[in-house]
Amino acid sequence: MADAVVVVTLLLVAGSATTAVVVRDPVRQALVLAVLGVVLAVLFTAVQAPDVALSQLAVGGALTPLLLLLAVRKVKRRKGRER
Amino acid sequence: MDVLPYLVAVWIFLAGCYGLATSRNLIHAVGCLSVCQSATYVLLLAVGYRDDATAPVFSDIEPGSRPVVDPVVQALALTDVVVGATVTALLLALVIQVGKRHGTVDPDELSELRG
Amino acid sequence: MNPRTRLALVVVAGTGLAVLLVAACLRLPRFGGDSHPYGDRAVHTSLARHTANTVASVNFDQRAFDTLGEMTILFAAVVGCVVLLRQTRDEHRARPEPADVTPPVRRYALIVLPIALATGLYVIAHGQLSPGGGFQGGVVAATSLHLLYLGADYRALERVRPVGLYEVGDAVSAAAYVVTGLAGLIGGTAFLANTLLPYGTFNTLSSGGTVPLLNAAIGMEVACAVVVLLARFLDQAVEIVEESGK
Amino acid sequence: MNGWLVAATVVLGGGVGATLWGVATGPLRRRVVAQNLSTALACPGLLLLAQGYDRPAYVDLALVLALLGPVGTLVFARLLTDELADDPPRARGVTWAAAGLGAAVVVALCAAVGPSRAMAKLLLVGALLIGGNVVASRALSGGIAGVRGG
(Lines give C-alpha, C1' and ligand atoms only; values in the text may rest on other atoms or scores of the structure.)
Protein backbone atom coordinates (compact mmCIF):
# COMPACT_ATOMS: atom_id res chain seq x y z
CA MET A 1 0.00 0.00 0.00
CA ALA A 2 2.87 2.35 0.77
CA ASP A 3 4.18 1.73 -2.76
CA ALA A 4 0.86 2.85 -4.25
CA VAL A 5 1.19 6.25 -2.55
CA VAL A 6 4.77 6.56 -3.84
CA VAL A 7 3.73 5.68 -7.41
CA VAL A 8 0.77 8.09 -7.43
CA THR A 9 2.81 11.00 -6.07
CA LEU A 10 5.68 10.21 -8.48
CA LEU A 11 3.30 10.45 -11.43
CA LEU A 12 1.86 13.69 -10.03
CA VAL A 13 5.38 15.15 -9.72
CA ALA A 14 6.27 14.08 -13.27
CA GLY A 15 3.06 15.65 -14.58
CA SER A 16 3.46 18.95 -12.77
CA ALA A 17 7.15 19.20 -13.71
CA THR A 18 6.29 18.68 -17.37
CA THR A 19 3.50 21.26 -17.08
CA ALA A 20 5.87 23.75 -15.45
CA VAL A 21 8.15 23.43 -18.48
CA VAL A 22 5.43 23.50 -21.15
CA VAL A 23 3.66 26.58 -19.77
CA ARG A 24 5.51 29.53 -21.33
CA ASP A 25 4.01 32.51 -19.47
CA PRO A 26 6.04 33.27 -16.28
CA VAL A 27 2.94 34.12 -14.23
CA ARG A 28 1.21 30.86 -15.10
CA GLN A 29 4.50 29.02 -14.57
CA ALA A 30 4.74 30.50 -11.05
CA LEU A 31 1.32 29.00 -10.32
CA VAL A 32 2.37 25.58 -11.62
CA LEU A 33 5.67 25.78 -9.67
CA ALA A 34 3.68 26.44 -6.49
CA VAL A 35 1.65 23.29 -7.14
CA LEU A 36 4.87 21.40 -8.01
CA GLY A 37 6.31 22.47 -4.63
CA VAL A 38 3.32 21.06 -2.75
CA VAL A 39 3.30 17.81 -4.75
CA LEU A 40 7.05 17.38 -4.21
CA ALA A 41 6.53 17.83 -0.46
CA VAL A 42 3.89 15.07 -0.54
CA LEU A 43 6.26 12.80 -2.47
CA PHE A 44 9.01 13.43 0.08
CA THR A 45 6.58 12.46 2.86
CA ALA A 46 5.70 9.28 0.97
CA VAL A 47 9.42 8.45 0.70
CA GLN A 48 9.72 8.99 4.47
CA ALA A 49 11.72 12.25 4.34
CA PRO A 50 9.73 14.68 6.53
CA ASP A 51 12.58 17.15 7.00
CA VAL A 52 13.01 17.60 3.25
CA ALA A 53 9.23 17.80 2.82
CA LEU A 54 9.07 20.57 5.44
CA SER A 55 11.88 22.41 3.68
CA GLN A 56 10.17 22.08 0.28
CA LEU A 57 6.85 23.26 1.74
CA ALA A 58 8.43 26.34 3.26
CA VAL A 59 10.38 27.21 0.10
CA GLY A 60 8.07 26.08 -2.69
CA GLY A 61 4.82 27.21 -1.04
CA ALA A 62 5.31 30.94 -0.62
CA LEU A 63 8.92 32.00 -1.15
CA THR A 64 9.59 30.96 -4.76
CA PRO A 65 6.24 32.20 -6.16
CA LEU A 66 6.72 35.54 -4.36
CA LEU A 67 10.21 35.97 -5.86
CA LEU A 68 9.03 35.00 -9.36
CA LEU A 69 6.03 37.33 -9.30
CA LEU A 70 8.07 40.27 -7.96
CA ALA A 71 10.58 39.74 -10.78
CA VAL A 72 7.75 39.58 -13.35
CA ARG A 73 6.20 42.76 -11.94
CA LYS A 74 9.55 44.61 -12.07
CA VAL A 75 10.31 43.50 -15.65
CA LYS A 76 6.74 44.12 -16.88
CA ARG A 77 6.60 47.60 -15.29
CA ARG A 78 9.72 48.64 -17.23
CA LYS A 79 8.46 47.24 -20.55
CA GLY A 80 4.98 48.73 -20.00
CA ARG A 81 6.31 52.29 -19.92
CA GLU A 82 8.08 52.08 -23.30
CA ARG A 83 5.04 50.95 -25.30
CA MET B 1 8.38 -0.23 -9.49
CA ASP B 2 12.04 -1.05 -8.91
CA VAL B 3 13.24 1.59 -11.36
CA LEU B 4 10.27 3.99 -11.71
CA PRO B 5 11.55 6.72 -9.34
CA TYR B 6 14.89 6.88 -11.13
CA LEU B 7 13.16 7.14 -14.52
CA VAL B 8 10.87 9.90 -13.20
CA ALA B 9 13.95 11.80 -11.96
CA VAL B 10 15.57 11.42 -15.41
CA TRP B 11 12.35 12.57 -17.11
CA ILE B 12 12.06 15.68 -14.90
CA PHE B 13 15.72 16.54 -15.50
CA LEU B 14 15.38 16.22 -19.28
CA ALA B 15 12.13 18.20 -19.29
CA GLY B 16 13.83 20.96 -17.30
CA CYS B 17 16.80 21.01 -19.68
CA TYR B 18 14.51 21.15 -22.71
CA GLY B 19 12.59 24.08 -21.16
CA LEU B 20 15.83 25.84 -20.26
CA ALA B 21 17.21 25.52 -23.80
CA THR B 22 14.10 26.58 -25.69
CA SER B 23 12.82 29.28 -23.34
CA ARG B 24 11.95 32.70 -24.77
CA ASN B 25 11.79 34.45 -21.38
CA LEU B 26 14.60 34.47 -18.82
CA ILE B 27 12.19 34.28 -15.87
CA HIS B 28 10.66 31.17 -17.45
CA ALA B 29 14.19 29.79 -17.84
CA VAL B 30 14.87 30.31 -14.10
CA GLY B 31 11.67 28.36 -13.37
CA CYS B 32 12.84 25.53 -15.61
CA LEU B 33 16.17 25.50 -13.78
CA SER B 34 14.37 25.00 -10.46
CA VAL B 35 12.52 22.09 -12.10
CA CYS B 36 15.91 20.59 -13.00
CA GLN B 37 17.00 21.01 -9.37
CA SER B 38 13.94 19.21 -8.07
CA ALA B 39 14.91 16.25 -10.25
CA THR B 40 18.06 15.87 -8.13
CA TYR B 41 16.00 15.80 -4.92
CA VAL B 42 13.79 13.01 -6.31
CA LEU B 43 16.82 10.97 -7.35
CA LEU B 44 18.64 11.49 -4.03
CA LEU B 45 15.67 10.45 -1.91
CA ALA B 46 14.85 7.52 -4.18
CA VAL B 47 18.38 6.19 -3.65
CA GLY B 48 17.97 6.40 0.13
CA TYR B 49 14.60 4.64 0.37
CA ARG B 50 14.13 1.28 2.11
CA ASP B 51 10.94 -0.80 1.78
CA ASP B 52 8.39 -0.38 4.64
CA ALA B 53 10.92 1.65 6.60
CA THR B 54 10.22 4.93 8.38
CA ALA B 55 12.01 8.24 8.83
CA PRO B 56 15.17 8.21 11.00
CA VAL B 57 13.55 10.66 13.45
CA PHE B 58 13.15 9.13 16.90
CA SER B 59 11.10 11.82 18.63
CA ASP B 60 7.96 9.67 18.63
CA ILE B 61 9.22 6.07 18.10
CA GLU B 62 11.71 3.88 19.95
CA PRO B 63 15.14 3.79 18.22
CA GLY B 64 15.71 0.40 16.64
CA SER B 65 12.03 -0.59 16.80
CA ARG B 66 11.45 -0.03 13.06
CA PRO B 67 13.77 -0.08 10.01
CA VAL B 68 14.73 3.44 8.92
CA VAL B 69 15.61 5.03 5.60
CA ASP B 70 18.99 6.62 4.86
CA PRO B 71 19.40 10.00 6.69
CA VAL B 72 22.53 11.07 4.79
CA VAL B 73 20.73 11.66 1.48
CA GLN B 74 17.98 13.52 3.36
CA ALA B 75 20.56 15.87 4.89
CA LEU B 76 21.98 16.53 1.41
CA ALA B 77 18.56 17.24 -0.10
CA LEU B 78 17.42 19.33 2.86
CA THR B 79 20.14 21.98 2.64
CA ASP B 80 20.02 21.89 -1.16
CA VAL B 81 16.35 22.96 -1.23
CA VAL B 82 17.00 26.13 0.75
CA VAL B 83 20.25 27.00 -1.01
CA GLY B 84 18.49 26.38 -4.33
CA ALA B 85 15.88 28.99 -3.39
CA THR B 86 18.48 31.65 -2.65
CA VAL B 87 20.37 30.84 -5.86
CA THR B 88 17.07 31.20 -7.74
CA ALA B 89 16.71 34.62 -6.10
CA LEU B 90 20.22 35.58 -7.24
CA LEU B 91 19.38 34.49 -10.81
CA LEU B 92 16.17 36.53 -10.72
CA ALA B 93 18.16 39.54 -9.52
CA LEU B 94 20.43 39.07 -12.56
CA VAL B 95 17.36 38.84 -14.82
CA ILE B 96 16.01 42.10 -13.34
CA GLN B 97 19.35 43.76 -14.07
CA VAL B 98 19.30 42.42 -17.65
CA GLY B 99 15.77 43.73 -18.02
CA LYS B 100 16.85 47.11 -16.67
CA ARG B 101 19.94 47.46 -18.85
CA HIS B 102 18.67 45.93 -22.13
CA GLY B 103 14.95 46.53 -21.83
CA THR B 104 14.13 42.91 -22.73
CA VAL B 105 14.36 39.46 -21.14
CA ASP B 106 14.16 37.42 -24.34
CA PRO B 107 17.50 35.57 -24.72
CA ASP B 108 17.33 35.73 -28.54
CA GLU B 109 16.81 39.50 -28.58
CA LEU B 110 19.64 39.90 -26.06
CA SER B 111 22.23 38.23 -28.29
CA GLU B 112 21.11 40.39 -31.23
CA LEU B 113 21.55 43.58 -29.19
CA ARG B 114 25.20 42.86 -28.51
CA GLY B 115 25.90 41.55 -32.01
CA MET C 1 22.50 30.02 -34.15
CA ASN C 2 18.84 30.43 -35.02
CA PRO C 3 16.25 28.65 -32.90
CA ARG C 4 15.82 25.94 -35.53
CA THR C 5 19.37 24.59 -35.29
CA ARG C 6 19.38 25.08 -31.52
CA LEU C 7 16.24 22.96 -31.16
CA ALA C 8 17.75 20.24 -33.35
CA LEU C 9 20.92 20.27 -31.24
CA VAL C 10 18.87 20.08 -28.03
CA VAL C 11 16.86 17.13 -29.34
CA VAL C 12 19.93 15.21 -30.49
CA ALA C 13 21.94 15.84 -27.32
CA GLY C 14 18.88 15.20 -25.16
CA THR C 15 18.21 11.84 -26.77
CA GLY C 16 21.82 10.76 -26.30
CA LEU C 17 21.75 11.85 -22.65
CA ALA C 18 18.41 10.13 -22.13
CA VAL C 19 19.72 6.83 -23.48
CA LEU C 20 22.77 6.98 -21.21
CA LEU C 21 20.73 7.97 -18.13
CA VAL C 22 18.15 5.23 -18.66
CA ALA C 23 20.90 2.68 -19.13
CA ALA C 24 22.43 3.87 -15.85
CA CYS C 25 19.07 3.70 -14.08
CA LEU C 26 18.59 0.08 -15.11
CA ARG C 27 21.84 -0.87 -13.37
CA LEU C 28 21.15 1.02 -10.13
CA PRO C 29 20.30 -1.09 -7.06
CA ARG C 30 16.58 -1.82 -6.65
CA PHE C 31 14.39 1.04 -5.35
CA GLY C 32 13.75 0.22 -1.68
CA GLY C 33 16.77 -2.09 -1.39
CA ASP C 34 18.25 -2.96 1.99
CA SER C 35 21.93 -1.98 1.62
CA HIS C 36 22.42 1.51 3.14
CA PRO C 37 25.91 1.36 4.72
CA TYR C 38 26.23 5.12 5.32
CA GLY C 39 22.71 5.37 6.68
CA ASP C 40 23.20 2.67 9.32
CA ARG C 41 26.46 4.22 10.53
CA ALA C 42 24.90 7.71 10.63
CA VAL C 43 21.98 6.45 12.71
CA HIS C 44 24.37 4.64 15.07
CA THR C 45 26.51 7.76 15.59
CA SER C 46 23.45 9.97 16.04
CA LEU C 47 22.04 7.70 18.74
CA ALA C 48 25.46 7.53 20.42
CA ARG C 49 25.33 11.33 20.73
CA HIS C 50 21.73 11.36 22.00
CA THR C 51 20.40 13.31 18.99
CA ALA C 52 16.85 12.17 18.23
CA ASN C 53 16.64 13.63 14.70
CA THR C 54 19.38 11.77 12.77
CA VAL C 55 19.09 14.16 9.82
CA ALA C 56 19.93 17.10 12.11
CA SER C 57 22.79 15.07 13.56
CA VAL C 58 24.15 14.44 10.05
CA ASN C 59 23.75 18.10 9.13
CA PHE C 60 25.11 19.75 12.27
CA ASP C 61 27.33 17.13 13.83
CA GLN C 62 28.76 14.58 11.42
CA ARG C 63 28.88 16.91 8.37
CA ALA C 64 28.99 20.28 10.18
CA PHE C 65 31.83 21.47 7.96
CA ASP C 66 29.74 20.90 4.82
CA THR C 67 26.88 22.84 6.38
CA LEU C 68 29.38 25.67 6.90
CA GLY C 69 29.91 25.56 3.13
CA GLU C 70 26.14 25.55 2.49
CA MET C 71 25.73 28.56 4.78
CA THR C 72 28.51 30.40 2.95
CA ILE C 73 26.78 29.79 -0.41
CA LEU C 74 23.56 31.13 1.09
CA PHE C 75 25.35 34.19 2.48
CA ALA C 76 27.11 34.84 -0.86
CA ALA C 77 23.81 34.59 -2.77
CA VAL C 78 22.21 37.15 -0.46
CA VAL C 79 25.19 39.52 -0.75
CA GLY C 80 24.99 39.13 -4.53
CA CYS C 81 21.30 40.04 -4.52
CA VAL C 82 21.87 43.05 -2.27
CA VAL C 83 24.57 44.36 -4.60
CA LEU C 84 22.59 43.71 -7.78
CA LEU C 85 19.29 45.14 -6.57
CA ARG C 86 20.62 48.37 -5.06
CA GLN C 87 19.02 51.67 -6.03
CA THR C 88 21.16 53.25 -8.77
CA ARG C 89 21.65 57.00 -9.29
CA ASP C 90 19.01 57.30 -11.99
CA GLU C 91 16.25 55.83 -9.80
CA HIS C 92 14.16 57.31 -7.02
CA ARG C 93 11.79 55.84 -4.47
CA ALA C 94 8.08 56.49 -5.15
CA ARG C 95 5.97 55.89 -2.04
CA PRO C 96 3.29 53.30 -3.02
CA GLU C 97 -0.29 54.12 -2.02
CA PRO C 98 -1.58 51.48 0.42
CA ALA C 99 -3.77 48.84 -1.24
CA ASP C 100 -7.19 48.69 0.43
CA VAL C 101 -7.54 45.14 1.74
CA THR C 102 -10.97 43.95 2.88
CA PRO C 103 -11.22 43.47 6.68
CA PRO C 104 -11.43 39.63 6.72
CA VAL C 105 -8.17 39.28 4.79
CA ARG C 106 -6.50 41.88 7.00
CA ARG C 107 -7.77 40.17 10.17
CA TYR C 108 -6.61 36.77 8.89
CA ALA C 109 -3.12 38.13 8.15
CA LEU C 110 -2.82 39.73 11.60
CA ILE C 111 -4.09 36.56 13.35
CA VAL C 112 -1.95 34.07 11.42
CA LEU C 113 1.25 36.13 11.55
CA PRO C 114 2.07 35.40 15.22
CA ILE C 115 1.01 31.74 14.84
CA ALA C 116 3.27 31.28 11.80
CA LEU C 117 6.14 33.07 13.54
CA ALA C 118 5.70 30.85 16.61
CA THR C 119 5.58 27.75 14.40
CA GLY C 120 8.77 28.84 12.64
CA LEU C 121 10.58 29.31 15.94
CA TYR C 122 9.13 25.98 17.20
CA VAL C 123 10.46 24.22 14.08
CA ILE C 124 13.91 25.74 14.67
CA ALA C 125 13.94 24.94 18.40
CA HIS C 126 12.82 21.31 17.93
CA GLY C 127 15.29 20.88 15.09
CA GLN C 128 17.24 18.10 16.70
CA LEU C 129 14.17 16.22 17.97
CA SER C 130 11.21 16.19 15.58
CA PRO C 131 11.25 16.86 11.81
CA GLY C 132 12.50 20.38 11.20
CA GLY C 133 15.63 22.38 11.81
CA GLY C 134 17.29 25.69 11.25
CA PHE C 135 16.87 25.72 7.49
CA GLN C 136 13.10 25.01 7.41
CA GLY C 137 12.20 27.05 10.50
CA GLY C 138 14.15 30.04 9.24
CA VAL C 139 12.23 30.13 5.97
CA VAL C 140 8.86 29.68 7.71
CA ALA C 141 9.59 32.49 10.18
CA ALA C 142 10.84 34.84 7.46
CA THR C 143 7.87 34.15 5.18
CA SER C 144 5.41 34.72 8.01
CA LEU C 145 6.81 38.23 8.55
CA HIS C 146 5.71 39.14 5.01
CA LEU C 147 2.09 38.42 5.84
CA LEU C 148 2.08 42.07 6.87
CA TYR C 149 2.80 43.06 3.26
CA LEU C 150 0.31 40.53 1.88
CA GLY C 151 -2.41 41.35 4.38
CA ALA C 152 -1.83 45.05 4.94
CA ASP C 153 0.54 47.12 2.82
CA TYR C 154 4.21 47.65 2.21
CA ARG C 155 4.62 50.59 4.57
CA ALA C 156 3.28 48.53 7.48
CA LEU C 157 5.93 45.91 6.73
CA GLU C 158 8.70 48.48 6.46
CA ARG C 159 7.81 49.99 9.84
CA VAL C 160 8.04 46.58 11.53
CA ARG C 161 11.09 45.22 9.70
CA PRO C 162 14.23 47.45 9.79
CA VAL C 163 16.36 45.86 7.05
CA GLY C 164 19.66 47.04 8.57
CA LEU C 165 18.96 45.05 11.71
CA TYR C 166 18.40 41.90 9.68
CA GLU C 167 21.56 42.39 7.66
CA VAL C 168 23.53 42.65 10.92
CA GLY C 169 21.63 39.60 12.24
CA ASP C 170 22.61 37.67 9.12
CA ALA C 171 26.29 38.45 9.62
CA VAL C 172 26.18 37.83 13.39
CA SER C 173 24.57 34.40 13.04
CA ALA C 174 27.02 33.39 10.32
CA ALA C 175 29.85 34.43 12.64
CA ALA C 176 28.21 32.58 15.54
CA TYR C 177 28.33 29.35 13.55
CA VAL C 178 32.05 29.78 12.89
CA VAL C 179 32.78 30.81 16.50
CA THR C 180 31.00 27.70 17.80
CA GLY C 181 33.27 25.71 15.54
CA LEU C 182 36.35 27.55 16.77
CA ALA C 183 35.27 26.84 20.33
CA GLY C 184 35.79 23.16 19.50
CA LEU C 185 39.26 24.02 18.26
CA ILE C 186 40.03 25.99 21.44
CA GLY C 187 38.61 23.16 23.53
CA GLY C 188 41.41 20.95 22.27
CA THR C 189 39.49 18.88 19.71
CA ALA C 190 38.80 19.50 16.03
CA PHE C 191 36.99 22.42 14.36
CA LEU C 192 33.19 21.98 14.65
CA ALA C 193 33.68 18.76 16.65
CA ASN C 194 30.76 17.85 18.88
CA THR C 195 32.83 17.00 21.97
CA LEU C 196 32.51 20.22 23.95
CA LEU C 197 29.13 20.02 25.61
CA PRO C 198 27.64 16.99 27.37
CA TYR C 199 25.17 15.12 25.14
CA GLY C 200 22.36 15.40 27.69
CA THR C 201 19.43 12.99 28.00
CA PHE C 202 17.91 11.59 24.81
CA ASN C 203 14.94 13.34 23.20
CA THR C 204 15.16 16.52 25.30
CA LEU C 205 15.73 20.07 24.10
CA SER C 206 19.27 20.22 25.44
CA SER C 207 20.38 16.90 24.00
CA GLY C 208 23.00 16.51 21.30
CA GLY C 209 25.87 18.71 22.47
CA THR C 210 26.54 21.55 20.02
CA VAL C 211 23.80 20.48 17.58
CA PRO C 212 21.15 22.83 19.09
CA LEU C 213 23.62 25.75 19.02
CA LEU C 214 24.57 25.25 15.37
CA ASN C 215 20.91 24.65 14.58
CA ALA C 216 19.89 27.97 16.16
CA ALA C 217 22.71 29.81 14.35
CA ILE C 218 21.60 28.40 10.99
CA GLY C 219 17.95 29.15 11.79
CA MET C 220 18.69 32.80 12.54
CA GLU C 221 21.00 33.07 9.52
CA VAL C 222 18.40 31.65 7.08
CA ALA C 223 15.59 33.78 8.55
CA CYS C 224 17.64 37.01 8.29
CA ALA C 225 18.89 36.05 4.82
CA VAL C 226 15.37 35.47 3.46
CA VAL C 227 14.08 38.72 5.03
CA VAL C 228 16.94 40.72 3.46
CA LEU C 229 16.39 38.97 0.12
CA LEU C 230 12.66 39.71 0.04
CA ALA C 231 13.28 43.27 1.25
CA ARG C 232 15.50 43.94 -1.77
CA PHE C 233 13.05 42.33 -4.18
CA LEU C 234 10.07 44.20 -2.70
CA ASP C 235 11.96 47.50 -2.87
CA GLN C 236 12.69 46.93 -6.54
CA ALA C 237 9.21 45.76 -7.46
CA VAL C 238 7.15 48.14 -5.35
CA GLU C 239 9.10 51.29 -4.66
CA ILE C 240 12.05 52.01 -6.90
CA VAL C 241 11.03 53.72 -10.17
CA GLU C 242 13.12 54.82 -13.16
CA GLU C 243 13.97 58.50 -13.17
CA SER C 244 13.51 59.25 -16.87
CA GLY C 245 11.27 57.14 -19.12
CA LYS C 246 14.41 55.40 -20.45
CA MET D 1 -4.64 -2.99 3.73
CA ASN D 2 -4.09 0.27 5.60
CA GLY D 3 -7.30 2.25 5.20
CA TRP D 4 -5.68 5.57 5.92
CA LEU D 5 -3.18 5.14 3.09
CA VAL D 6 -5.99 4.17 0.69
CA ALA D 7 -7.86 7.36 1.64
CA ALA D 8 -4.64 9.38 1.26
CA THR D 9 -4.04 7.90 -2.19
CA VAL D 10 -7.58 8.79 -3.28
CA VAL D 11 -7.37 12.36 -1.91
CA LEU D 12 -3.93 12.94 -3.41
CA GLY D 13 -4.39 11.12 -6.71
CA GLY D 14 -7.91 12.37 -7.39
CA GLY D 15 -8.00 15.76 -5.67
CA VAL D 16 -4.50 17.08 -6.19
CA GLY D 17 -4.43 15.50 -9.66
CA ALA D 18 -7.57 17.45 -10.58
CA THR D 19 -6.08 20.70 -9.27
CA LEU D 20 -2.93 20.01 -11.31
CA TRP D 21 -5.08 19.70 -14.43
CA GLY D 22 -6.94 22.85 -13.34
CA VAL D 23 -3.73 24.85 -12.94
CA ALA D 24 -2.36 23.63 -16.26
CA THR D 25 -5.28 24.65 -18.47
CA GLY D 26 -8.03 27.23 -18.63
CA PRO D 27 -8.23 30.96 -17.88
CA LEU D 28 -6.02 32.59 -15.27
CA ARG D 29 -8.87 32.94 -12.74
CA ARG D 30 -9.44 29.16 -12.74
CA ARG D 31 -5.73 28.45 -12.43
CA VAL D 32 -5.43 30.63 -9.33
CA VAL D 33 -8.40 28.86 -7.73
CA ALA D 34 -6.85 25.50 -8.64
CA GLN D 35 -3.60 26.52 -6.90
CA ASN D 36 -5.56 27.44 -3.78
CA LEU D 37 -7.36 24.08 -3.91
CA SER D 38 -4.10 22.16 -4.33
CA THR D 39 -2.97 23.20 -0.83
CA ALA D 40 -6.51 22.79 0.53
CA LEU D 41 -6.45 19.14 -0.62
CA ALA D 42 -2.77 18.32 0.02
CA CYS D 43 -3.09 19.17 3.74
CA PRO D 44 -5.72 16.47 4.49
CA GLY D 45 -3.61 14.12 2.35
CA LEU D 46 -0.62 14.78 4.59
CA LEU D 47 -2.73 14.24 7.70
CA LEU D 48 -3.95 10.89 6.35
CA LEU D 49 -0.37 9.89 5.48
CA ALA D 50 0.75 10.81 9.01
CA GLN D 51 -1.95 8.54 10.46
CA GLY D 52 -1.34 5.81 7.84
CA TYR D 53 2.40 5.66 8.60
CA ASP D 54 1.62 5.75 12.35
CA ARG D 55 3.99 8.71 12.84
CA PRO D 56 2.51 11.57 14.93
CA ALA D 57 5.65 13.63 14.14
CA TYR D 58 4.45 14.09 10.53
CA VAL D 59 1.54 16.29 11.68
CA ASP D 60 4.03 19.19 11.83
CA LEU D 61 4.14 19.00 8.03
CA ALA D 62 0.39 19.46 7.75
CA LEU D 63 0.58 22.31 10.28
CA VAL D 64 3.17 24.21 8.20
CA LEU D 65 1.22 23.52 5.00
CA ALA D 66 -2.01 24.76 6.63
CA LEU D 67 -0.13 27.96 7.52
CA LEU D 68 1.85 28.60 4.34
CA GLY D 69 -0.64 27.29 1.76
CA PRO D 70 -3.05 30.23 2.09
CA VAL D 71 -0.04 32.60 2.31
CA GLY D 72 1.04 31.37 -1.13
CA THR D 73 -2.43 32.04 -2.47
CA LEU D 74 -2.39 35.50 -0.86
CA VAL D 75 0.85 36.14 -2.75
CA PHE D 76 -0.95 35.46 -6.02
CA ALA D 77 -4.02 37.44 -4.97
CA ARG D 78 -1.87 40.40 -3.97
CA LEU D 79 0.44 40.51 -6.98
CA LEU D 80 -2.03 39.56 -9.71
CA THR D 81 -4.78 42.02 -8.76
CA ASP D 82 -4.75 43.81 -12.11
CA GLU D 83 -4.77 40.57 -14.16
CA LEU D 84 -7.61 39.20 -12.03
CA ALA D 85 -9.53 42.47 -11.86
CA ASP D 86 -11.40 42.03 -15.16
CA ASP D 87 -12.91 38.58 -14.44
CA PRO D 88 -12.54 37.82 -10.75
CA PRO D 89 -12.61 34.10 -9.87
CA ARG D 90 -15.98 32.81 -8.59
CA ALA D 91 -15.25 29.60 -6.65
CA ARG D 92 -17.50 29.57 -3.60
CA GLY D 93 -18.77 26.01 -4.14
CA VAL D 94 -15.44 24.34 -4.81
CA THR D 95 -13.70 26.06 -1.92
CA TRP D 96 -16.41 25.05 0.54
CA ALA D 97 -16.30 21.49 -0.83
CA ALA D 98 -12.53 21.32 -0.18
CA ALA D 99 -13.06 22.85 3.28
CA GLY D 100 -15.74 20.23 3.94
CA LEU D 101 -13.38 17.43 2.93
CA GLY D 102 -10.68 18.88 5.21
CA ALA D 103 -13.14 19.01 8.10
CA ALA D 104 -14.27 15.43 7.48
CA VAL D 105 -10.66 14.18 7.46
CA VAL D 106 -9.81 16.07 10.67
CA VAL D 107 -12.92 14.72 12.44
CA ALA D 108 -12.13 11.16 11.34
CA LEU D 109 -8.55 11.49 12.57
CA CYS D 110 -9.67 12.99 15.90
CA ALA D 111 -11.96 10.01 16.36
CA ALA D 112 -9.06 7.66 15.61
CA VAL D 113 -6.53 9.50 17.78
CA GLY D 114 -8.74 10.00 20.83
CA PRO D 115 -8.71 12.97 23.22
CA SER D 116 -5.06 13.96 23.79
CA ARG D 117 -2.52 16.64 22.91
CA ALA D 118 -2.35 15.19 19.39
CA MET D 119 -6.08 15.81 18.98
CA ALA D 120 -5.62 19.46 19.99
CA LYS D 121 -2.91 19.79 17.34
CA LEU D 122 -5.18 18.20 14.74
CA LEU D 123 -7.99 20.63 15.57
CA LEU D 124 -5.55 23.54 15.26
CA VAL D 125 -4.45 22.30 11.84
CA GLY D 126 -8.08 21.88 10.77
CA ALA D 127 -9.04 25.38 11.93
CA LEU D 128 -6.04 26.98 10.22
CA LEU D 129 -6.67 25.01 7.03
CA ILE D 130 -10.37 25.85 6.65
CA GLY D 131 -10.00 29.46 7.79
CA GLY D 132 -6.99 30.02 5.58
CA ASN D 133 -8.47 28.61 2.43
CA VAL D 134 -11.80 30.40 2.78
CA VAL D 135 -10.05 33.74 3.37
CA ALA D 136 -7.63 33.06 0.51
CA SER D 137 -10.44 32.32 -1.92
CA ARG D 138 -12.19 35.50 -0.77
CA ALA D 139 -8.95 37.45 -1.32
CA LEU D 140 -8.78 35.98 -4.82
CA SER D 141 -12.28 37.07 -5.77
CA GLY D 142 -11.65 40.76 -5.28
CA GLY D 143 -10.57 40.85 -1.64
CA ILE D 144 -7.62 43.07 -2.51
CA ALA D 145 -8.32 46.08 -4.71
CA GLY D 146 -4.97 46.71 -6.35
CA VAL D 147 -3.65 50.27 -6.36
CA ARG D 148 -0.61 51.52 -8.28
CA GLY D 149 2.42 50.10 -6.47
CA GLY D 150 0.41 48.93 -3.44
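Should a chain be cited, it is by its letter among A, B, C and D, assigned in written order, with residues numbered from 1 in that chain.
Throughout what follows, contacts are C-beta pairs under 8 Å (C-beta built on N, C-alpha and C of every residue); 3 or more make two chains touch, one makes a residue touch a chain.
Chain-to-protein mapping (UniProt): B, C = Sodium:proton antiporter; D = Monovalent cation/H+ antiporter complex subunit F.
No experiment lies behind these values; they were computed from the predicted model shown.
In terms of C-beta pairs in contact, B-C outnumbers the other of B-C and A-D.
Each chain gets one centre point, the mean of its Cα atoms, and the points for subunit A and subunit D are 15 Å apart. Between subunit A and subunit B, the centres computed from C-alpha atoms are 10 Å apart.
Rounded to a whole number, the gap between the C-alpha centres of subunit B and subunit D is 24 angstrom.
In subunit B, 1, 4-5, 18, 46, 48-49, 54-55, 57, 59-60, 69, 74, 78, 81-82, 85, 89, 92, 96 are the positions where the chain touches two or more neighbouring chains simultaneously.
With touch defined as above, residues shared between interfaces to two or more other chains in subunit C number as follows: 32, 53, 55, 123, 130-133, 135-136, 139-140, 143, 226, 229, 233, 236.
In subunit A, the residues that touch at least two other chains are 2-3, 22, 30, 48, 50-51, 53-55, 57-59, 61-63, 66-67, 70-71, 73-74, 78, 82. With chains as nodes and touching pairs as edges, the resulting graph is complete, every pair of chains being joined. Across the complex, subunit C meets subunit A through its residues 32, 53, 55-56, 123, 131-133, 135-136, 139-140, 142-143, 146, 226, 229-230, 233-234, 236-237, 242, 245. By the touch criterion given at the top, residues 53, 55-57 of subunit D touch subunit B in their complex. Put simply, subunit A touches subunit B in their complex at residues 2-3, 6-7, 10-11, 13-14, 17-18, 20-22, 24-26, 29-30, 33, 36, 40, 43-44, 47-52, 55-56, 59, 63-64, 67-68, 70-72, 74-75, 78-79, 82.
Those residues of subunit B lying in contact with subunit A across their complex are 1, 4-5, 8, 11-12, 15-16, 18-19, 23-25, 27-28, 30-32, 34-35, 38-39, 41-42, 45-46, 48-49, 52-55, 57, 69, 74, 77-78, 81-82, 84-85, 88-89, 92, 95-96, 99-100, 103-105.
The part of subunit D that touches subunit A in the complex is made up of residues 1-2, 5-6, 8-9, 12-13, 16-17, 19-20, 23-24, 28, 31-32, 34-35, 38-39, 42, 45-46, 49, 52-53, 55, 57-58, 60-61, 64-65, 68-69, 71-72, 75-76, 79-80, 83.
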